[in-house]
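Two complexes are shown next, each including chain A; its partner changes from chain B in the first to chain C in the second.
Moving on to the complex of A and B:
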């Protein structure tokens, strides 16, 4: 906790944006460890892969685009400070009547949760209760979350995408190859690592039934491997390997896959996302449904993260390119 | 099939959005979006009929009942809102392709429709669901896509406006989430119905009080209630015309819905109005909002800004009606929700037509438009009259009920102030009329012609609705009354 506060203060004080991005990565990792001490392993896993991993990366790409130092701001944000204080005070005020941490008699532990803990094994048959809550009891929320991520991807596309001219493309990729020749060791090491990262992503994807993990984390890890590749071997090479239109369509397929499971259960006479009707045996149906929707989540998340990264990186290429031409 | 309608209402546009990527041609995508929105409209009509006949519809997602799973719960209020949103969306989409062609580059048009559908889905989801966390998820969908839609505006300032909206909107959403989290902590449930049953036991704790406060502030940000309205004028002014029309007609309405839903159905009314001095606070803020925003509207040079400020003022009217705290007051609010959607969509679409021909909505470029684009300008005047509240328009109907509600409750000063607010509306509408009809056209704009039919038709459809529902008030008044009564637990 103390570390967390220190890092937060540091983020506000430091003017170097590069350091800020790194610090926020540390912040992510610290909160992930905090979640582990609170026994929320699944949340910790997500925070570690998203907060400490991908979002730091995206911030760094942005910094590469905008320049490294913060502009000096003259006005004193007194009003904002006041709002923050009032909010903080209200939050502390709220804690006064809260049940104690880990209290067995807390309402959150007495009402809905017992059924999840006692009956989910019989009703869904998945070892990881978090997965059964996310993917079955509250599957519709998870569907919504996937759509949120997809929306973010489309938003980035709508604002940053542009039709690229082929001659630009050729020039940019030639630049990149010469630039990346230097990092020999890093390249070889990561070349060995990338297959393992991809493999780990698949493990996380399909192991979500038993341990912490699932589609969200797997998708992010998968995308991280691709991004690593793109960073080391140059955008040009990566773009030749991965077709952008294909990535977009696949992101849509991921979302649709999730939705289609729901539609399939409707056609089989159940309610939307009722996996029980997917198979003769309800528990087998639950398994099948969870497997497919997790796959849909994984695909959609991975593709959206790749879309966002590629579009950011394209912008950097173009802005660099323009700067070069001016000189 | 009929049993699945509650989920289909949301699912249809949701699934349609990713499918748009496969169509690849903007024109096809437009037709597809239009059909989807039209179908959603038909579904909402059918839902409304079902609700009126057989009462609240409950649909259990994944077959999990009650507090364990997520359920959709459609009562009269939700059905009424669903109808407003889908109807507005469908009419506005009729004009979309023509207007978008001029304002958004070709390679981004498909993304525009996808984001539009998501925004649409998000609002429908918020209105249909009976689960507080699900509200948050769909709130994210609708607002995330709204930010991107606004940023698509042609003017570079659109990006800045969208960024401001993003920051304010995210703070609002976070506050709502904190509120929801605290509620869960104290009750252990996320289901609205269940919350309503379990909250009274813990109503006196500080945690619940904080939850309520966070939630109200968050919703008021989304609502653009004075003084939390600062994001709205720029966001509306620089967004593409279609987006402005759509958001103005629906987005703030959904926020009002959330406010009503939480204060009436989740927390009960006696708690809502006593925990905070909400009633006094809202009446004062609502009234200040009406006067400050209307006065600001008078001084605007950009007509989109002008109507954006007028939107903030209209939110003020809705909040005043709400805070009267009687069936009549709530009914006036709901009625104004419906009527304001009609007025503002007509006005902003007509501005879209002006944008289409002239490429600007500055007041200075309106010189002589009354002769050059007679039908478009007539529509703006009709919409403006409705905004003022002239008899035979919908604006009159909602103001009438609002004043009646205030008087019925003995709030004479409030009633007088509402009428004074309308006088300000006369001034800002008159400014447009004066410029458009009594000034000579600017030199060099001789070639300006009437807007194409594809734009005029939806505009006049909406203007027609403004007049129709101003004369024949049976449908809107009955609906608003039924919804308000059911919220107060009075059997109709």
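Moving on to the complex of A and C:
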């Protein structure tokens, strides 16, 4: 934990934005291992793939576009420091009333959680309690989250997308080809690895009922494999392999799949997202519902992350081109 | 006992304040987003440390184990992490557009340009 503080302080001090991005990756990995020590395996899984992987990558692409040095102007940080310290002191004062770490009788552990732990096996029949809460008891919340992610994907599309001319496309792909010959070993190794990464993503997707994992993590891992491919073989090749319209369509299909399960359970006489009515046997219905909505989540997350990365990467190509033309 | 029992929360507060300081005092927009991320992560750690139970294991049902850590905060934070990815991506996209429009991502330079145009 103390490491986390060190890294955070380093982020404040370092001026080089490239180093800041790398440090934030380290920070993500550290907090993921912290989550494991606190028994939150699902959360650690997500944080490792998101915090240490994808968001660092996005930061690096942004830094590549905006320049890596920070022009530090020393204006008065005293006021800011004062605000920060007063708030911090008040918060620490508040923690004096908190239950101690690991307390079994803490109020947070007494209210709804025991019911989930005791009854979820009988009602849902899924080993992983996190999955059953995520996908069944609180399916409505999760639906909201998926829609938020979908909206973010649309937002990035609206901000960064553009229509490219075919002659630009040709120039860009010729750039990429010359770059490839230098990275032969990396290319071959990753060519071997990518199918396994995709397979692992599918395993995480469908094994979420029994172990840690689920749609969110699987989607991110799946997208990471595609991004690896795009980085090593160039955007032109990746764009030919993965059609953008297809990706955008499937992001919507993922969200719709989730919503349709809710509508289907309504049509069968239950409430929205009440899976008990999906099948003769309530537990089998729950299984079916969870499987389908996790699939919807996985598809939506993977496609949105791919959309976000492709749009960022395209921007890099374009800004490089503008610079070339000026010279 | 008190120090050990509350150490978690203090770390959380310290991280949160570092994040807040970056957001307030640093002028660079990319760094501000990193600061926001630190702030978010501190909240995640807070929730997860609430859910930890002494002697409990990860909330995956298995025979012979009766004490599990609280699954509810895990669910909340799991989705929050993915949403934080979405907000980070959106924020960075905005930064890229600002860079294109103003030629800089330093707050003061942007302010100066705005003043000139008025």
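Here are some notes:
We adopt the following convention: the second predicted complex is superposed on the first by the 324 of 327 C-alpha atoms of A that agree within 3 Å, B and C clash if a C-alpha of one lies under 4 Å from a C-alpha of the other, contacts with A are read in each partner's own complex, and residues count from 1 in each chain.
Here is the rule we use: a residue touches a chain if its C-beta (ideal position, glycine included) is under 8 Å from a C-beta of that chain, and two chains touch if they have at least 3 such contacts.
Remember, it's a predicted structure, so these values are computed and weren't measured experimentally.
When the two structures are aligned on the shared chain, A:138 is found in touch with chain B and with chain C.
In the superposition on chain A, contact of A:50 is made with chain C only, not with chain B. In the superposition on chain A, A:222 makes contact with neither chain B nor chain C.
Legend: residue contacts after superposition of the two complexes on their common chain; A:63 is shown touching chain C, with no touch to chain B. Once chain A of one complex is fitted onto chain A of the other, the partner contacts of A:96 extend to both chain B and chain C. In the superposition on chain A, A:271 makes contact with chain B only, not with chain C.
In the superposition on chain A, A:310 makes contact with neither chain B nor chain C.
Once chain A of one complex is fitted onto chain A of the other, the partner contacts of A:233 are absent, as it touches neither chain B nor chain C. The partner of chain A that touches more of its residues, comparing chain B with chain C, is C. Shared-chain residue A:38: touches chain C; no touch with chain B. Residues common to the contacts of chain A with chain B and with chain C across the two structures: 91, 95-96, 98, 106, 108-109, 112-113, 116, 138, 141, 145, 148, 151-152, 155, 159. The touching residues of chain A, when paired with chain B in their complex, are 90-91, 93-99, 106-113, 115-116, 136-141, 144-145, 147-148, 150-152, 154-155, 157-159, 161-163, 248-249, 251-253, 255-256, 259, 262-263, 266, 270-276. Listed in rising order, the residues of chain A touching chain C in the complex are 1-2, 4-5, 8-9, 11-12, 17, 20-21, 24, 27-28, 31, 34-35, 38-43, 46-47, 50-51, 54-55, 58-59, 62-63, 65-67, 70-73, 75, 77, 80-81, 83-85, 87-88, 91-92, 95-96, 98, 100-104, 106, 108-109, 112-113, 116-117, 120-121, 127-130, 133-134, 138, 141-142, 145, 148-149, 151-153, 155-156, 159-160, 210-212, 214, 216, 220, 301, 304-305, 308, 311-312, 315, 319. Of all residues in chain C, only 1-2, 4-11, 13-22, 24-28, 30-31, 33-35, 37-38, 41, 44-45, 48-62, 67-75, 77-79, 81-90, 92-97, 99-100, 105-106, 108-109 touch chain A in the complex they form.
Those residues of chain B lying in contact with chain A across their complex are 4, 7, 11, 14-15, 18-19, 21-22, 59-64, 67-70, 107-108, 111-112, 114-115, 118, 121, 125, 131, 133-134, 137-138, 140-141, 144-145, 147-148, 151-152, 159, 178, 182, 184-190, 198, 202, 205-211, 213-214.
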